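After this come two complexes, each holding subunit A, first together with subunit B and then together with subunit C.
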Partner chain A sequence: MKLFINGQEETVSLEEASIAELLSHKRVEMPEMVSVEYNGRFLRRDEYERIRVKDGDRIEFLYFMGGGSN
Partner chain B sequence: MNLTEEQIERYSRHIILKDVGGAGQEKILQAKVLIIGTGGLGAPAALYLAAAGVGTIGLVDGDTVDLSNLQRQVIHFTADVKRLKVDSAREKIEALNPDVKVVTYPERVHAENIAAIIKDYDFIIDGTDNFPAKFLINDACVLHSKPFSHGGILRFDGQTMTYLPGSACYRCVFNSPPPKGAVPTCSEAGILGAVAGMLGTIQAAEALRYILGKGKLLTNRLLIFNALDMEYRQVNIRQNPECPICGERPIITKLVDYEQPVCDLRSRYHA
Partner chain C sequence: MLKIKQSVRDAMIRLAKAESPIEACGYLAGIDGEARLLIPMTNVDHSPEHFSFAPEEQFNALKQARDAGLRLNAVFHSHPATPARMSAEDIRLAHDPDMVYIIVSLMEAEPVIRGYRMEGRQPVEIMLEITEDA
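Let's look at the complex of A and B:
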């Protein structure tokens, strides 16, 4: 299955994986660290288990970055 | 407003730019920009905006300068350690450019004071270091229809986006603050000093381009870069109908303070 993850085309051998499984496959330790954009739509956390990725999907894992001042 | 001979010389490299010119420089001299956080992002942003001749620069920061700040907070010098950051920054701005009026707010922004602080400014730069402040700035700017630049940095990474009323806001992308401890801070994880400069100057350029009304701002897109491999990319974003503040059924209708983070080293060792 070909996916576009963070703008890069990747072949992933996880058929019908959930977003949660994809996060763990991509070694995102805690799902709370990212916001997930799936085919242009931002997902709610409660959708991570339910949504199954399919060939050609575009997924962005956007990390929280809080730094700036201190 | 007429530029003086001295101003024509000082700003000559702006004025010869087709997209700035004398009229654009006059707009810059009349503009008011608020910088919240006078640290890694706010320091370079403040210096470039001061050099550019932004007429009024507001600085909000309740902290004092720490020796560990100097690796990247280029507006503060060794002799400034223990001074209020806003006092240290004001002194440098005034020395750099007497055309700039500096207004200082030696305090943290919170739900009670932020509306009054942002009210008089044309553009706001978020240079804060914590999520409660970042979400508060977003919410205040959305509720009061103020344009602002979001900036975040960590290790070798940076991200930035610009909000204009009607465009995607920070909450359209990041619904709510991450749980405490899920995302390390710069003091916990480190930051390459130059990365703060890269991002702070992008934010200053956004403010200037907003003032000039030129070019394409970073609205509806998140710019992400990694300075370790020096890779940049853009993620297109759009207003999220489920956004809790600017979506179809907003649940946030007034400002709230999230718990301020305690800078706990414990979470680092117990993570």
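Let's look at the complex of A and C:
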């Protein structure tokens, strides 16, 4: 199926994959450090396993950004 | 190596000084290995020793960059009173393998800027080249 991932069209060989599975496919090692927008809607982390992607979906994901000086 | 437009470097330093003693932060967006736009972000920790981004604001920055034909290629934050090295907390929270992590230190009279990429869980310093604005 075709997905738009971070603005790029990609053909992904994952049928009815969850968001969590898609992140794993994209080699995101720590999904708890990633925020996801799905078709324009910001997802809660407990939705990553439940929501199944379908052809034409738009998924944006960004890593948590934080740190400290000490 | 990451190239940074002079105007972007100057904007980072201005923001770091304006926010001090709170840590300033933001994304740099660019193309062809050059950062051309600073997107200031809210430090939701409002702390002199910590920073973090609000996820919703991150997605807005992503769209702002994309609308300008750019992509997010670096994240910066300031160290108001410590050197421009990645702290233990910076390393612990740095997980994006595609991002350059830039630190602006105000510890000395003259600001110091350094950039790092994460290789595994280790930060590796990269060269930052300041380029003239057209």
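The definition used in the following text is that the second predicted complex is superposed on the first by the 66 of 70 C-alpha atoms of A that agree within 3 Å, B and C clash if a C-alpha of one lies under 4 Å from a C-alpha of the other, contacts with A are read in each partner's own complex, and residues count from 1 in each chain.
Here is the rule we use: a residue touches a chain if its C-beta (ideal position, glycine included) is under 8 Å from a C-beta of that chain, and two chains touch if they have at least 3 such contacts.
Keep in mind it's a predicted model, so treat the numbers as computed, not measured.
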A:60 in the overlay: touching subunit B, subunit C, both, or neither? Say first, second, both or neither.
both
Thinking of the overlay built on chain A, is A:44 touched by subunit B (first), by subunit C (second), by both, or by neither?
first
Across the two complexes, what residues of subunit A are contacted by subunit B and by subunit C?
6-7, 30, 33, 35, 37, 42, 60, 62-70
Footprint of subunit A on subunit C - complex, ascending
23, 25, 41, 45, 47-53, 55-56, 58-59, 62, 66, 72, 75, 77, 79-82, 86-90, 93-96, 99
Could you please specify the touching residues of subunit A with respect to subunit B in the complex?
6-7, 30, 32-33, 35, 37, 40-42, 44, 60, 62-70
Residue ranges of subunit A touching subunit C (in the complex, touch as defined)
6-7, 29-30, 33, 35, 37, 42, 60, 62-70
Residues of subunit B touching subunit A in the complex
37-42, 61, 63, 69, 126-131, 134, 151-154, 157-159, 172-175, 178-179, 182-183, 185-187, 191, 196, 222, 224, 233, 235-238, 240, 242, 263
